[in-house]
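Encoded as structure tokens, here's the structure I'll be asking about.
When the chains are written out, they are named A, B, C and D in that same order, and each has its own residue count from 1.
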Amino acid sequence: METNPRQTIIAAASHFYQLGWMMGTAGNLSVRIPDGSFWITASGRNKGELTSTDFVRMKLDGTIIEQPHPDVRPSAETSIHQTIYSLFPEAEACYHVHSIEANLVSRFTDSDNLPLPPLEMLKGLGVWEENPQVTMPIFVNHLDLPRIAQDICDRFEITPPSVSALLIRDHGITVWASSPREASNFLEIAEYIFRYMVAARTVGF
Amino acid sequence: METNPRQTIIAAASHFYQLGWMMGTAGNLSVRIPDGSFWITASGRNKGELTSTDFVRMKLDGTIIEQPHPDVRPSAETSIHQTIYSLFPEAEACYHVHSIEANLVSRFTDSDNLPLPPLEMLKGLGVWEENPQVTMPIFVNHLDLPRIAQDICDRFEITPPSVSALLIRDHGITVWASSPREASNFLEIAEYIFRYMVAARTVGF
Amino acid sequence: METNPRQTIIAAASHFYQLGWMMGTAGNLSVRIPDGSFWITASGRNKGELTSTDFVRMKLDGTIIEQPHPDVRPSAETSIHQTIYSLFPEAEACYHVHSIEANLVSRFTDSDNLPLPPLEMLKGLGVWEENPQVTMPIFVNHLDLPRIAQDICDRFEITPPSVSALLIRDHGITVWASSPREASNFLEIAEYIFRYMVAARTVGF
Amino acid sequence: METNPRQTIIAAASHFYQLGWMMGTAGNLSVRIPDGSFWITASGRNKGELTSTDFVRMKLDGTIIEQPHPDVRPSAETSIHQTIYSLFPEAEACYHVHSIEANLVSRFTDSDNLPLPPLEMLKGLGVWEENPQVTMPIFVNHLDLPRIAQDICDRFEITPPSVSALLIRDHGITVWASSPREASNFLEIAEYIFRYMVAARTVGF
């Protein structure tokens, strides 16, 4: 675990921005450090141009510990990161991005579970089965972000997800993992699967 | 506000060119400076290879103040930039580009208003509502550019748009904002929404 | 006009390669120099990794004037470049690439003329009309390349094309222009129009 | 033939990663050296960030000859590389990647042969015919990788493929060639053809 993961996050954000997953100021990325607090991208910043002053450090309860300047505010979506780190002690990184395909597939079903196709790539999400039948949880979007965080908490305490990822309808994907590198891998694979699903539907599968 | 924003515009043009929004010599970008004049890209230049001599500086009434060489001419589309800066005193940057998706969605309706989908990304255009219902104004294309500028002026004086963006049918998008950075963000988000709309129609939504 | 345009061609080929228009060893680019001969990319080279020894220089009749090594051979498609330079004395660059979209649109009609949509971008191909009705000529592909070249010659001597571009069915686009920069612009705009056409058909237009 | 082809493989993997063909840790690339052994990418590495310690060197029978560290393990898919090098003595490089389009086209037919469209680009796979009718073999995916390798061996000993490529359903493409450069070209061309096939079906061809 890194004690100052901001350069790691800046590099990841720049990469996701170039892939079209963090357009404008969308999305937020966080990494937890050994003392249990986490660094998270500040609100309203263009994610292709982050610098080390575009972050705040928070405790799990939301208390701000480090803030380069009072106008560098945490995003309202921080509540989702707090929830993920609380629910999953092994999670050291939590990445939330908004790809077009994540939004599209969140509307492929009206239910709160998205079935994933049985691609070999699922192995990268930890699914090692022949003809796997896996779903990704979907949550309803709310203007009130803490309400989404509460929904996630309520549901996952009862039914943990089978992959380390969740969708908010019309509002992108969130993944968590035991390291920033693994979180990037999970994100790449989930987005790959979403692109596959959109293309598959496009060709009439 | 910058007094010499040409490097900022060159960087933005190169970025948009790489994204496929300024192919060949298409599009033009301008930034207003403190004295009220604005720098705008010259006509006929490849937007991936601009240099500081590929600009003219104009007053709001269209008078050319600075011109590196007499054959560096302002685009006929300059009239649209003049109109935007006149209508919106807070606008300091005006970016016009031609993406494929902007052209496609301009034909998704025969009316002069394009309904936008209720994506979370709308927050980046300043729309903070649950299940927002927002439209983007569409204008008819004319070979005579000042006629389009006049249409924009006539319509927006009566009905200001709910987002800082407009479409000309078959002829791309124009955004304006209080800074070049914000104009880039608006453009990224609008294009994201257009790509979503095209993909959504492709999958049969 | 440059007397040694190889660096210009290498940069153009690398750019087109990155755009997916010159995959593997596909396509060939040439530029004419003041003495009337032209430099053309050699056969069988990966177009993303050209060096100055991957070219031959030829006279308009196909005679090789410069060749870095006997195994650096001109492509069989050279006959098309000879035909273009013979037919169009003002042409100083001729670029042939194979995009997926160029191949797809070559099958949008069974006729030998592809109607182009009335996009503003047509101005970049020299079409300045309100609601323009323009077509691009299509030729039948043959394994025998000189036969295609002859077809082009026969047809264009009687009916010159309205834009400086032609399609060979399943076999990409060829553009020509008065400079390498203009040829790149023409290519970018033609490919933009093809992508638009494919996307438009995909959404059911 | 190179004796230490790891830098060549790193560059190829980085390129394929950027093209979206090796997302997360997917895929593996190998190159055979003069003594008959081959270097292959290790399991579980992100393919956009390989270093020279992310490889193992193996004999054709699977014996590991060089391994930078005991936790750098060969992938289970190594068995497919062994089979390819055993079947095709002229093969010096074997590349396996997972593009979205390769997975989609593997479901365009229920049979074990995918018909390819008659594109000019087929010349890059060695097919020099007018209106060529070529197929690419498809194999069933199994969790047990050596079983796939055995299927490939059994089938190709009886019926060699007409192009140097095979698909595993839902599990990407494998190509082999007489050099790393040629393997990259084959991969580019095969993926081009897959993208064409997906787009063609999307527009209703």
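Here is the rule we go by: a residue touches a chain if its C-beta (ideal position, glycine included) is under 8 Å from a C-beta of that chain, and two chains touch if they have at least 3 such contacts.
What you see is a predicted model, and the numbers here were worked out from it, not measured in a lab.
Starting at subunit B, how many touch steps does it take at minimum to reach subunit D?
2
With a Cα-based fit, what is the angle in degrees between subunit A and its identical partner subunit D, given to the nearest 5?
My answer is 90 degrees for the C-alpha fit.
Would the interface of subunit C with subunit D count as same or different, where same needs over half of all numbers used to appear in both copies?
Mostly different residues form this interface, as fewer than half of the numbers used are common to both chains.
Please indicate which chain is farthest from subunit A, where distance is taken between mean Cα coordinates of the chains.
Taking each chain's C-alpha mean as its centre, the farthest from subunit A is C.
Centroid of subunit A to centroid of subunit B, CA atoms only: how many Å?
Chain centres of subunit A and subunit B, defined by C-alpha means, are spaced 31 Å apart.
Can you list every residue of subunit A that touches 2 or more other chains, as numbers and ranges?
Counting only residues that touch two or more other chains, subunit A contributes 202.
What's the contact topology between the chains, one of line, ring, star, complete, other?
Chain contacts: single closed ring, each chain with exactly two partners.
Along subunit C, where are the residues that touch subunit B in the complex?
Going through subunit C, the ones touching subunit B are 117-121, 124, 128-130, 181, 184-186, 188-189, 191-192, 195-196, 199-200, 202-205.
Mind listing the subunit C positions that touch subunit D in their complex?
20, 23-26, 46, 98, 100-101, 103-104, 107, 141-143, 168, 170-172, 198, 201-202
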